[in-house]
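Several structures are given next for inspection.
Heads up, the next two complexes both have chain A, just with different partners, chain B and then chain C.
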Partner chain A sequence: MSVLSVKNLTFGYEKDKPVLKNISFQIEQGKYIALIGHNGSGKSTLAKLIAGLLELQSGTIEVFGELLTDKNISVLRQKIGIVFQNPDNQFIGATVRDDIAFGLENNCVPHKEMDAIINEFAEKVNMTDFLDKEPTRLSGGQKQRVAIAGVLAMNPKIIIFDEATAMLDPKGKKEIREYILKMKKEDESLTIISITHDIEEAYNSDEVLVLNNGEIFLKGTPEEVFKDKNKLKEIDLDLPFLMKLKDKLSDCDIDVKDVKNLEELVNKLCQ
Partner chain B sequence: MNNISIGRYIPYNSKIHRLDPRLKLFSMILFMVMIFLRFGGAQTNYMDFIVYGFIAVIILIIMAIAHVKLSLLFKQLKSLWFVVLILLIINLLMPNDGPYFLIFNTLKIYHKALYDTAYIFIRLVLMISLTMILTSTTTPLDLTYAIEWYLTPFKIIKVPTHEIAMTISIALRFIPTLLDETDRIMKAQASRGVDFQNGKFREKVKAIISLIVPLLVSAFQRSEELANAMEARGYNPGAKRTRYRILKWKWLDTIALVLSLSLFALILYVSIAKIDIVVLISGLLG
Partner chain C sequence: MPINFDHVFYTYSKKTPFEQVGLEDINLSFNDYKFIALVGHTGSGKSTLVQHITGLLLPDKGVVHVDDYVITPKKKENKNIKKIRENVGLVFQFPEYQLFEDTVLKDVAFGPKNFGVSEKETIERAKSAILKVGLDESYFERSPFDLSGGEKRRVAIAGIIAIKPKVLILDEPTAGLDPQGSKKMMQLFCEINKNGTQIIMVTHDMDLVLEYADHVLVMKDGKVAKESSPLDLFSSSDYKELSLDYPCVFAVATELIKKGMKIDLTKIKNLDTLVEEIKKGRDSYE
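So, the complex of A and B:
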């Protein structure tokens, strides 16, 4: 079932300067989508349109088969969560507890149920010990974990990560990646759209969407997208490490065409 | 940037910490009013000091219960000596009459000048201690809720009390973040050769501008992202929402309210009836 269907979407912040040009695509439920593309290619703009934070100009967006309009925006928005890049600018509450509660308050969750929900989702991202801490006393990675808990607590069906790990150090990045994979495992039906500059992450996703200059440049499974290396070179996108390695090896006449991951490659080479 | 301890919440689980913020705010206002009353007759001035001493003792007791350290108060008072000096000079220069003593046989020091300075100084110290007790035992957020509660009657005349409270709490939430940022920008500009300490007036203005402009740009950027984050999580200013933090009035609050009201009544009576303890006691002794 397609949870998200975008048709002929065109959008610009200023007149005659479209940032997105006639974009159409569909996303199936339970998929992990990587959205890649250069700075300024319109990825965040697309994310904001999907999350209903920007007003549609032309084209349509369907969420769970329902057309996104001014009227149902607040209902459909409950199905879509978004985690932004800057850990500081999405921390709204005075403490971790209050921040997770913020979304619950907006969704009119009864007061009595809030504490249980807050504890449940703080536990999921390992922030139970920090529930009463203020944001200034948390690291960037911890703040992003809180942001994830805050979004998860609202029980969305689609979660968009807009470069959610871009401001973190390698350890923080890895941690957040693990939490995302964990929650994906816990709820198979959850659909994830990850906007990223990390080619390896894109390579490990279910589907890749390459945006260039506001247009969909390529889309498909990672194998399909990264197979087309000349086309990717056209827009200066990097290739995943495995692909590069395979290329070099085939240049040396070593046949590694059908290996899928690094492990298989190592095994093959050791034979 | 790091020594902003004035008005900071100090986590502790004392009885005072646990009191309802509405009560604490109300009591503080009562105390402030008490401090601004005048006591005793026009001729005697010791009654003011006796009553202030009495209030000071009560404040000290509250501080002890709240585990607010005296050293914290002294730290804040340290910056006050300059104010006292100016007060003293102004009072000394004021035309006065009444008893005085001479120094160097020329300078007339009126008793009243010293008395007025001491009077204002004591008031200041009392007010600072009161605000310090309030802010160090109440989280800014709780204070915001208390203010929102007091503003509720104004909802009738369409004052957006909830939005005001939300704005204040977000401002409070972002003060430390913006201070950090100020620090960072200052360091960045200093490394580019901007001197914030020395230099002529013109250079100082330039330095300040080099701080303010990036700070404002980033604040606007932040506010836009924050608005997006709030909206994405379903915030809608006009819409109905439930609340996570609910103020709960407890027995202890009632007791504290009765105590502060009685104290207020007592002090008010002493002030209005112009009661003079010395006269009272000597009368009692026969």
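So, the complex of A and C:
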């Protein structure tokens, strides 16, 4: 089932300068989608339009088959959660508990139920011990985990991660990435859209969407998208490390075309 | 430019319940190196260290020497600090959040203007810095707030380059940039480095450390845990004990070595040199 259907979407912040140009695509339920492309290619704009944070100018967005309009935006928005890049910009509460509660309060969840929900999701992201701590005393990774708990507590069906790990150190990045995979395992119907510059992450996703200059440049499984390396080079997009290495070796007439991972590559080279 | 740390101590939120060690007995000398990488986990003291070089933080104990200037714990003694900042440019992490002017050109010109450079030269320097970071003339009159994240980053870096510092300190300059943007940014830093500007770069990317740095400093709990060449760091088991990542190119090379291929780790700096070594290693098989 398609959870998200975007048709002929055009959007610009200034007149005659479209950031997105006539974009159409569909996303199936339960998929892990990597949205890649250069800085300025329109990725975040697209995410904000899907999450209903920007007003549509032309084109349509359907969420679970329902057309996104001014009237139903607040209802449909509950199905979509978004985690932004900067952990410091998404804190509202004075404590971790208050912060997770914020979304619930907005949705008029009765106070009696709220505590249980907060505890449940704090536990899921492993932040139970921090519930009464001030957000400023947390590390970047911990802050992003709280942001994720806040989003999860709203029970969304689609979660957009807008470079959610870009500001974290390698340990924080790993933490969040592992957490996303765990989340996905627990609820297979959850759809994830990850805006990322991490080519290795994109390589391990279900489907890759490449944006360039506000247009969809490529779309398909990672194998399909990264197979077309000349096309990716055309727009100066990076390749996964293994592919770059394979490429360079092929240039030197060393045949490693068929290897699929590092181990196979090493074995092949040492034959 | 000579930079020396002499028994420097710094504590955050001193005499409060939140007291936390920032730096503990740091002794350093950066004189002999051109490109220094500063690595270590979040909270290890990297940013605290670089903020001492520009006098943004004053030591609790000890002295920092920058060229002829001395930074001491006493506020009153540090009158020349503005001079230091003219010579040492610090690009903070996520500098795009510091843009404030209404056009890109004005924002980049702010630094040199502030240091008393003539109007005409300020504009020239600003224009050339903007072009250097890979933006074209059409950006001069645009508002920095309408740019994408990566473009904003470039504008912020141009602002520091326009000051023409002798030492350029970069706090994770490529974090959050797309891979191609990072590559171009690193090429720019390399060029600036070759033209005689010393670079101190805070980073988590060990492949960058291996490729560009001639010296690496590992911080841990406010102390210097190791100081060596990148090669020494990654060819001993120290990097593991310090729980640092291993450069991708070395990961491939060591696997090949395990399988018996003859590979000279000292020759490997990046993908190209790795491929060169693999070629040689295979030739020696036949």
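A few remarks follow.
By our rule, the second predicted complex is superposed on the first by the 244 of 271 C-alpha atoms of A that agree within 3 Å, B and C clash if a C-alpha of one lies under 4 Å from a C-alpha of the other, contacts with A are read in each partner's own complex, and residues count from 1 in each chain.
Throughout what follows, a contact is a pair of C-beta atoms (placed from the backbone, for glycine too) under 8 Å apart; a residue touches a chain by one contact, two chains touch by 3 or more.
In this text, all values refer to a predicted model and were calculated from it rather than measured experimentally.
When the two structures are aligned on the shared chain, A:L181 is found in touch with neither chain B nor chain C.
In the superposed model, A:S74 makes contact with chain B only, not with chain C. By the document's definition of touching, of the two partners only chain B reaches A:V151; chain C does not.
In the superposition on chain A, A:M114 makes contact with chain B only, while chain C stays out of contact range. By the touch criterion defined above, A:E14 lies against chain C but remains apart from chain B after alignment on the C-alpha atoms of chain A. Contact with chain B, but none with chain C, is seen for A:P135 once the two complexes are overlaid on the shared chain. Once the two complexes are overlaid on chain A, the chain A residues touched by chain B in the first and by chain C in the second are 86.
The touching residues of chain A, when paired with chain B in their complex, are 48, 51, 53, 74, 77-78, 80-82, 84, 86, 88-94, 97-98, 101-111, 114, 134-136, 150-151, 154. Within the complex formed with chain A, the residues of chain B that make contact are 139-141, 169-170, 172-173, 176-177, 180, 222, 225-226, 228-236, 239-246.
Residues 18, 41-43, 94, 146-151, 175-181, 183, 204, 245, 248, 251-252, 255-256, 259-261, 271-272, 274-275, 278-279, 281-282 of chain C touch chain A in their complex.
Considering their complex, residues 13-14, 37-40, 44, 85-86, 137, 139-140, 163, 166-167, 169-172, 197, 199, 236-238, 241, 244-245, 248-249, 252, 254, 262-263, 265-267, 269-270 of chain A touch chain C.
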